[in-house]
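Mind looking over this structure? Questions follow.
A, B, C, D and E are the chain letters, set down in written order, and residue numbers restart from 1 in every chain.
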Amino acid sequence: MYLVPLFPLLGAIISGLFRNQLSKTAAGIIASGAIAASFVVSFLLFFQVKSGGAIAVTPLFTFIKTSAFTIDFAFQVDQLSALFLLIITGIGFLIHLYSTAYMHEEEPHHFARYFSYLNLFVFSMLLLVMGANYVIMFIGWEGVGLCSYLLIGYWFKNTNYTAAAKKAFIMNRIGDMGFLLAVFYILQKVGSANYATVFAFDGFSSTDVTTICILLFVGAMGKSAQLPLYTWLPDAMAGPTPVSALIHAATMVTAGIYMIARSNVLYSASEIAQHLVAIVGLATALFSATIALKQNDIKKVLAYSTVSQLGYMFLGLGVGAYTGAVFHVMTHAFFKALLFLGAGSVIHAMHHEQDIRNMGGLKKHLPITHITFLLGCIAIAGVPPFSGFFSKDEILAAAYAHNPIYWGLGVAGAAMTAFYMFRLYATTFLGSFRGTQQQLSHLHESPISMTLPLMVLALLSVVGGFLNVPEVLHGNAALHHFLSPVLTSESKHSLSHSTEYILMGSSVAIATLALIFAINKFSKNPELGEATGLGKTLANKWYVDEAYDAAIVKPLNSVSLLFKNFVEKGIDGLVNGSGKLVQYSSRQVRLVQNGQVGSYILYMVLSMVILFLLWWNQPILTKFIQKIF
Amino acid sequence: MGTTQLLFWLLSALSIFSAMMVLISKNPVHSVLWLVLVFFTISGHYILLNAQFLFIVNLIVYAGAIMVLFLFVIMLMNLNKDAEPQKSIWMKLAGAISGGSLLLIFVSVVRSASEMQSKQALLKTGNIGLIDQLGKTLFSEYVIPFEISSVLFLSAMVGAVAIGKKH
Amino acid sequence: MALTNRSVAIDRSPMTFVESLYLPSIFKGMGITFSHIFKKKPTINYPEQTRPFSPVFRGLHVLNRDEEGRENCTACGLCAVACPAEAITMEAAERLPGEENLYREEKYAAKYEINMLRCIFCGLCEEACPKDAIYLSETFAPANFARKGFIYGKDDLLIPNKNTEPEAYAKAKGLNQ
Amino acid sequence: MIVLAFDFALFLEKLILIAVVIFGSLGVALYTTFAERKVAAILQDRRGPNRAGPFGLLQPFADGLKLVFKEEIIPNTSNKTLFIMGPGLAMTAALMTSAVLPWGNKVELFDRTIALQIADVNIGMLYVFAVVSMGVYGIMIGGWASNNKFSLMAALRGASQAISYELAMGLSLIALVMVTGSLSLKTIVEQQMLPGHLWNIAYQPLGFLLFLVCAFAECNRTPFDLPEAENELNFGYHQEYSSMKLGFYLFAEYVNMFISSAIMATIYFGGYDIPFLDESKISPNIAAILGIGALMTKIIIFIFVFMWVRWTIPRFRYDQLMNLGWKKMVPLALANMLLTGAIILWLQGK
Amino acid sequence: MPIQYYIALAVILFSIGVVGVLTRRNAIIIFMCIELMLNATNLLLVAFSKMHHGAALAADAATKVGVEGQLFVFFVMVVAAAEVSVGLAIIVMMYRNVHSVDINFLNRLKN
């Protein structure tokens, strides 16, 4: 079991330490091979879990031991983590493969550094998923944060990119604070961080549970880019595109989902927290969908789309549809990774041009990319029988059962999703080419190692939904049954079949309409001029960054300035005055410190003698000590 | 008074005398040799206490290795001249007085430790100093300290080489 | 330019591990030295044993006597003249009556000295002597403590009388060996 | 009056034994000098000393006499005390090892069973090691006290060489101790005498080779005789010495050679064990004498090997010497130790 | 042998070491005095080890009480050896820089 994270760790160490020695090929093979090996082991583990079904906790060694609690470095592989393992290692492997081609222009040692980071990321993510307690999860949590930072700032010579990396790091820290507090809270209350112990603990008051859940959710908000901590994710697109695909779409950002799904027992016990999760999720889904409508950067669109989809997942979690959320994580991992990689392929072909206004008509130049991208778009838009349909529909159905308003807003978001995705698709691949002549002449389909992952992911995006065909469609809801031992507190909605049909039909219809509208609007003559009014607001992301700047950064700066002045004038005078006093007196005392070792030792011996003498006559010593204190 | 007592007094007197000579000798090489003699007498004490292993290790490590190292350094530096820097007489006096008073304090502490008055150190018998006893304990209960000390030693060696290298 | 065909290019390639252990070559060398235990020794126990001289060996000088035991030398000085190292000096004296049994001619060498430190044992004195008075024998000049000892006088050079001291004569001739 | 409470007979017995061993060692060393010249001569197809006494057998006494009657020169600028101490220390260290060597089994005389070993300490091997490490002092003090740069350099060379090779020697001995399980030399010999038990050379061939090489280096014998390199360093650390002090140094070297041969014979070649002979069947006294004879034979063979090597192999260069010591001997000794340990564990596991 | 004798001997040796450190200026001699102090403590440790062993031996003939004291001495020796190797290297460096082993030359940390 420990092999799964061990391989990526070894890969990271080897390609990291020997980055100056390894050739590009060797680094690629080592890194990809490590993930492949880990994938194979995960696969075996998956089937073991599937057949055995028992939750296995493997303690490796004692990590922290205090009188109050003991934390083992233990791994737990159950249905939930087995599924995540497959997603992480599987998609991770595809993206490693993709990266060997995508990053091929880098210097060898940068190339190896990249793969080292990537492997380290996979290792941390596996640690996060496999940990048998919150502390191990937190280690992985911080590890993925670190790797995300390193990878966003991979091209560290560009200060904008490093700024984006720092932003991601700091935003995440705010969330991590919540997580850490939650862990402390749990440790303090339960005396253990093991999932089994925590979930079975019955000494929580409802306030405790709510506090823990909200604190955990703050952590999830940071990591999974929910309102109001989402702004780092679009900026994180500064990193190489495969990184965006792996970290900022498929895996890391779903860590929040994983955490909440893992803690479903706690959440189900706290209605307030659930409502909070649902509302924040829904708000994020809608809010970022509106922003995505007007973005022109191919990766930005995908990034906001990711935020939006994450919102859906949280909605699912909030309404108790844990399976749906996890299912959506999986399908989203397939098609969003696909879309990012497709975007990467486009960017690669366009020589690092990311603005869709300068693209168009790439259909005939990049046939494989085009088809796979199209499949991805259909999947995300929720057209049956593609994977996105099943997962999104499950969440929406659960939302309807919970509150029809949620459903209505959710469908609106889905419609926007379909619209902006096909806007993206149409402006990129349809119509005529709008880039420079030079770009046109260099347009080429990507190499096989890039298109192969695309094709695999496209296949998965198409068929991935059949893993969990709901009962209403005469499926067997395989994933649902598989996960049920872990997600014990899943709320079953009791909608009649006819209601479900209507819900499905309406959401699909709305999404399809939006889709067709988008294709019509953008395929031939896209209006890509400067947006006005609401459009401008949307294009500027609701001015959230500016608002943050005005509301937090600027006041903070001015307050700091004020304090600085105050401190410099007032307090510094005081401090400097006392400092001068100390300086003067120490100048006198310093004469004792003549730098000659002999005299120091002499002082030492003399003081020892004096101490002994005092000890001899203890009353004097006692009085002396009393006088001092 | 048996042979053992006689040997004890002889060795003690010799070790104190040689320790004094370490201080008094002007020539560092003589100091080293007197110190070697001190180590020999202390090794003799170990034999009296039937600590055979420590006896031999003391000889190998202190007399055979450490002091040779000292000799090496002194000889290479050509410090055999008597022109060694001397402290002023007052500093010497102060040092001697404070060291002496430390000794006085120690002695009075020891004398006042009443429970020590009747205690005896076992001479000649007792097998804990034998190599198999020590070895078994060392390699069962004290393996980790042993390994750590070996790491310490290795790092000291590396450090010494690194410091001593000409730049 | 190759002067001989014996030159061998030196192999300066670094030693392999086995070579750097030196063991094979050490054993080879030890074998060679061990085999020398069984070799015949070329040295001899010198004073007890001697090697035969070559027929042309030129050793210490000897002043000869005739059949009746009279000195052959007439102190003519030809040997001194012939000597390239100028190692020979002599003083002549006239034979007095009654000394006929000692000296063959009426003139003889009262003093005859050869400085053995100067002499190069070339044998030219022997060539020059008309009276066959001086010969180079097959003996060495023995070691001595002072330079003076190497100036051989007449007593050292003159061969013992065959008639009065036959043993010494035989020894000087090397006949008993 | 102090009553010394010990067995006077035992004291006397040990005293005699010590005297015998020391004078025996000195005697052997004396004749080793002669043997050295003789062996050198034979290996070089010469005859060697043969004038003093029959076959030159009195030659060593003549040499000794010569050394004693030579003029004694103590350099003016030397450190007198230490100058005199140096040779003495070298000699003492050389002779001290013989205390723990079993020279034979036991003899029965005057109704007493006398063990032919001065002290059977159970850390004999470590004692040997400690004394060997003391030997450095003689060289260093002598070299330094001469107040001569060449002597000092040679002394430092000698000391560092001795220290370097002590390491490999200790490691090869550890492998041996792992085989025997005892540090007592007597026990080691008795183990090898057991029926069905081979000599330790059969179990530790590599260890023996390493020990042999280290013994050469510790005795400052060619090819490791850099401390007394005549041509480079004007005769080495004892350059300023003359007369019997020089004799002591030279003599100490031969005593060392004798003792280290004895150690090798004892720990690797069965000591006083006579192969294919059951000692228990003959009377102990005869067995003891035969045993001493066997030990002496082995020692003489080793001494011959020492000389044989000296007259075969040229001297190492200093860097070659250090390279050999640190880069070859120490790793090999470690590997030998590891291998021995692994095999012992494997055999125990079976 | 009364343990007091050993304590007294060790204390005297220790004090001699202290006086040496205080009165000498040669760094090597100071170093040697430190070794002397270490040895005094070692002796004391062994003596105490035997003291405890003797006390425990009366009750149990196979006792191993006191073995730790001797092992500790062993560790002290290891540490002393490490200390000497590094310390002497430092002294050699110092000698190379200021051509003296007088500790009073080292009265500032710069240079």
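Here is the rule we use: contacts are C-beta pairs under 8 Å (C-beta built on N, C-alpha and C of every residue); 3 or more make two chains touch, one makes a residue touch a chain.
What you see is a predicted model; the values in this text were computed from it and never measured.
Omitting chain B while holding the rest fixed, one finds the remaining chains separated into the touching groups A, E | C, D. Counting hops only between chains that touch, chain B reaches chain D in a minimum of 1.
Listed by label, the chains that touch chain A and also chain C number zero.
Per-pair counts of C-beta contacts peak for the chains B-E. With centres defined by CA atoms alone, the chain at the far end from chain D is A. Taking the CA centroid of chain E as reference, the farthest chain centroid is that of C. The distance from the centre of chain C to the centre of chain D, with each centre set as the mean of the Cα atoms, comes to 49 Å.
In terms of their C-alpha centroids, the spacing between chain C and chain E amounts to 76 Å. Averaging C-alpha coordinates per chain places the centre of chain A 74 Å away from that of chain D. Put simply, the C-alpha centre of chain D and that of chain E have 33 angstrom between them.
Touching two or more other chains at once are residues 53, 57, 65, 76, 87, 91, 94-95, 98-99, 102 of chain B. Residue numbers of chain A whose C-beta contacts span two or more other chains: 598, 602, 605. The set of chain C residues that touch two or more partner chains is empty. Chain pairs that touch one another are A-B, A-E, B-D, B-E, C-D.
Per the touch definition, chain E reaches chain A in the complex via residues 18, 21-22, 25, 30, 103-104, 106-108.
Within the complex, the chain B residues that touch chain A are 87, 91, 94-95, 98-99, 101-102, 105, 108-109.
On the chain B side of its complex with chain D, the touching residues are 1-3, 6, 27, 29-30, 33, 36, 52-53, 56-57, 59-60, 63-65, 68, 71-72, 75-76, 80, 130-131.
Note for the complex: chain A touches chain B at residues 598-599, 602, 605-606, 608-609, 612-613, 616. Those residues of chain E whose C-beta lies close enough to touch chain B in the complex are 1-9, 11-20, 22-26, 28-29, 31-33, 35-36, 39, 42-43, 46-51, 53-55, 57, 64-68, 70-71, 73-75, 77-86, 88-93, 95-96, 100-102, 104.
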